[in-house]
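You will see two complexes here that share chain A, one where it goes with chain B and one where it goes with chain C.
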Partner chain A sequence: MSNPENVMSADYKEALTSLLFQLADDDLMYAFRGSEWLGLAPHIEEDVASSSISQDSMGHAAMYYQLLEELGAGNADDLAHSRPSSERRNSILTERVNGEGVYMETPLYDWAYAVVRSYFYTQAKKVKVESLCKSSYTPLAEVAIKVKMELYYHRLHWETWFKQLMGSTDVARKKMTDAMTLVMTDFGDMFSFGTKKQLIESNRLIEPEEVLLQNWKMSLEPVFTGLQMTVPAVPVPKKNGRNGEHTKDLDQALRTLSEVYMVDPIAVW
Partner chain B sequence: METSINISTERVFEVLKQVKDPEIDSVSIVDLGMVDEVSTDGNNVKVVLLPTFLGCPALEIIKRNTLNAVKELSKVGEVEVEFVFHPPWTSDRITEKGHADLREFGISPPPRHFEEDGSWHVDCAYCGSTYVTMENIFGPTACRSILYCKSCKNVFEAMKPVSTIM
Partner chain C sequence: MESIQSTSEAERLARFMERIEADEKIEADDWMPDEYRLTLIKLISMHGMSEIMGALPEKEWVPKAPSLNRKLGIMAKVQDEMGHGQLLLRVTEDLLAPYGKNRGDLMQDLFNGDLKFHNVFHMETKTWADAGIIGWLVDGAAIITQTDMLRASYGPYARALKRICAEEVFHAQHGESIILALVEGTAEQKEMLQEALNRWWEALLMFFGPASKETTGSSKQDLTIKYKIRTKTNEEFRQLFFDKYIPRILSLGLTIPDPTLHFDEKANLWTYQQPDWSKFLKIIRNNGPRSQARLNLRRTSYENNAWVRDALRATVS
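Right after this comes the complex of A and B.
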């Protein structure tokens, strides 16, 4: 195979790099927040399941960073660990803390929030990944096909939790509804490409924002109808992570995630 | 110049049959369907592998073990091992021997068929009973699920089916 850099226009490369950072940073943060449930999940089976999902998701992030490395954007580990929050392109939802307290001290995390965030995020990821399977950049399409197969199990898992808790006691439903309000507040940039919208869409790397959003709504509708609910509206983003706008939660996440790397960047795992 | 005794792909495959999944050490990477292509150029060898699950921490170990195993071949030159994503690894790449070797480890091989609703069924890895329940679709490694056999009262594992139709 020829080196992709040789045949790529500067425009195309900028579009591709921008999209890959959004995808990679999303999965990195999602996996990190998921891993903070290790040992805290509601029961032992869930501890195994959610950490397995986090591990898969970290693998997906690693593949996207690998594609970036091949494009000359830098070393994959460095891209994951060393970029300041202002250079991160993940959505606001993925960086949010799991609740009050600190993992190593007194975590007062909210499982309802974890379920809603994971379900909505996974469904959004599925819509994007299905679109990426037809991407104009073949190496990305090939990775997407792999991700899609693993995602099947993630989506099934979170949908089961979502339906069961929604159909459970009044208390459960109240907690889930509250969590949904919280999740949707941050959902505005989920399908946004930020200032790179025009560039990414015109290069046919993935379908337009509006199409993805519509597909997400449609994919959730059967479940919501079954629960006699309507799919919540996606707001206009107050902060757009795709443009490097973030909350202090991201700084906290990066400090923890990159602690070892910053002490010893050449440590072998 | 030495008289060149070229390395044949058959010899490489023989060696690769000795490379096992570090987390399921009864099954070779060949029978797991992870070897996409072996090519030789004189005494230089290139092995192309397919990753099973992307986040699997065993992948780097498998890559290293593959490299070391091929380097053991006498008169071998440069050895290169790389992972590619196309074609995607799917569970139907596991050979019949792979299925038998998985059972020996106490893991039911992945089913060949999905039900219409996307669910799937395996029989007990130990006693073959069909009277089993799914305990956890996620298991101790990315590729495995945990089940319980109501006949022989054993917990057992199954390799998750993965397919491009999912």
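Right after this comes the complex of A and C.
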């Protein structure tokens, strides 16, 4: 097992940094999209619950950026706020807008999309985090153990919503099915390590892409069987966020999340 | 028959007032006069809805917060406000039960203008400094009025306030921390803060409401004091706010945008420029700077999510 005090090979450091950017950027974007929902959830209790999940996820992103800072990749706030979209490594799914409109005006966000995205993403995150608990990089394994505790509740929350809405009115089922199609269109890079696949996997930082994908499918199967449905197939990615390929949605998100920071990136806020 | 009923009604009222005078707590299932129940409903539903509507101006700055820690802090803070709204609406729902009304009715009352939300949340936010001012001074003002009601005669409200006030103290510290970073920051940051204070000062004066009912034509001050829900008048609260915050604002090197403001030693009171109460009148009729925009946002999201509530009802029933 490695830790920051040990001498790290250049390859190992490159693999680790690449993986950490993927993890950090994923949670930053997921939490950001969640924070746009704040105050607009279907009922007040849900607003309290889902904003707690966004907050936890922002905390996870902060821990990953902190590990990057310790590795000399730069200041954590800078990494979160000032990297252009071409340097971002989050999956396409996490950057997607919540629906029509902008949160500052009168958005028409889609709760079905929020539920499906959150459920599939959280389940994917759980599979990864469980694998990270055995990572060759000890500080990452330690962070993963903390994240895992909170994920238990996140997964339970979104699974409950998923089952309830899928098993309810025709309108709800239709909206959920449509949302699932939309979510799966962007799911292709969820388990991808991009061009760093070989480097990340050979350094035993996390299990291989194929193992994670298989675990994700297996973890969803009981729920889908209960709903008389089949776990959807994960497509080949059209764009791979892990390689810095992104949609316009990410540019919009970055403009908002860094608006104040960019007024003066050197100032203390 | 009628006289027996009215006698027993009078006795019940007398017994109720004895309990109030003896500082006993009134509970949700206890008998209470309609005037007391309606005063509580008006007060607590407005308080609850204000927490929920108050999340909207601050929420504008949540995705934009300028560091990871600020993002975490403001997310937690606005989440707390939604939690307060939930707690207070639950208290209101119990009071509404005899009238067969529920939370859905409260939302409709809000949308059609029968239920007001606090005047301070009708204001515009323009910069990150507003997030600091809201946390430090708006929540600071709320702490002053809410701690006064910690011993309110209605038990469920007093208990909800105990938790709310504890969290509001954290919010004020969160706001103060944003303010201190700006005060100690660059010239641009200081200017941003002073500009925000200039904009919010009048709203902060209006926060406590007019001194007497002559300004707006009605006031619940007398009733809430009679029933020992609160103890102080609007003006007393405003003076307490001045006592606590004027020295703090000045010690940070900020200027209060009121050249007439001073402490009158003889009267033992702060003298200040009255806010433009005609603006206040507009706000409480939902014609403030952002009244309709925020109501519209709440209404749209409520309607847009109606299918979700329908789906949940179908699952439960």
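Remarks
In this section, the second predicted complex is superposed on the first by the 258 of 269 C-alpha atoms of A that agree within 3 Å, B and C clash if a C-alpha of one lies under 4 Å from a C-alpha of the other, contacts with A are read in each partner's own complex, and residues count from 1 in each chain.
Going forward, a contact is a pair of C-beta atoms (placed from the backbone, for glycine too) under 8 Å apart; a residue touches a chain by one contact, two chains touch by 3 or more.
All figures in this text were calculated on a predicted structure; none of them were measured in a lab.
After overlaying the two complexes on the shared chain, residue contacts for A:Lys134 are found with neither chain B nor chain C. When the two complexes are superposed, the chain touching more residues of chain A, out of chain B and chain C, is C. By the touch criterion defined above, A:His43 lies against chain C but remains apart from chain B after alignment on the C-alpha atoms of chain A.
Of the two partner chains, chain C is the only one that A:Gly167 touches; chain B does not reach it. Contacts of A:Lys248 after superposition on the shared chain: neither chain B nor chain C is touched.
Applying the stated contact rule after C-alpha superposition, one finds that A:Lys238 touches neither chain B nor chain C.
Of the two partner chains placed by the overlay, chain B and chain C both lie in contact with A:Gly59.
Overlaid on A, the two complexes show chain B and chain C touching the same residues of chain A, namely 45, 48, 52, 55, 58-59, 62. The residues of chain A lying in touch with chain B in their complex are 45, 48-49, 52-53, 55-60, 62-63, 139, 142-143, 145-150, 152-153, 156-157.
By the touch rule above, chain B contacts chain A in their complex via residues 51, 53-57, 84-86, 88-90, 118, 135-140, 142, 146, 160, 162-164, 166.
Against chain A, in their complex, chain C makes its touches with residues 52, 55-56, 59-72, 75-76, 78-79, 82-83, 85-86, 89, 128, 178, 181-182, 184-186, 188-189, 296-297, 300-301, 304-305, 307-312, 314-315.
Contact residues of chain A toward chain C in the complex are 31-32, 35-36, 38-45, 47-48, 51-52, 54-55, 58-59, 61-62, 65, 76-77, 80-81, 103-109, 111, 164-165, 167-169, 171-172, 175, 256-257, 259-261, 263-264, 267-269.
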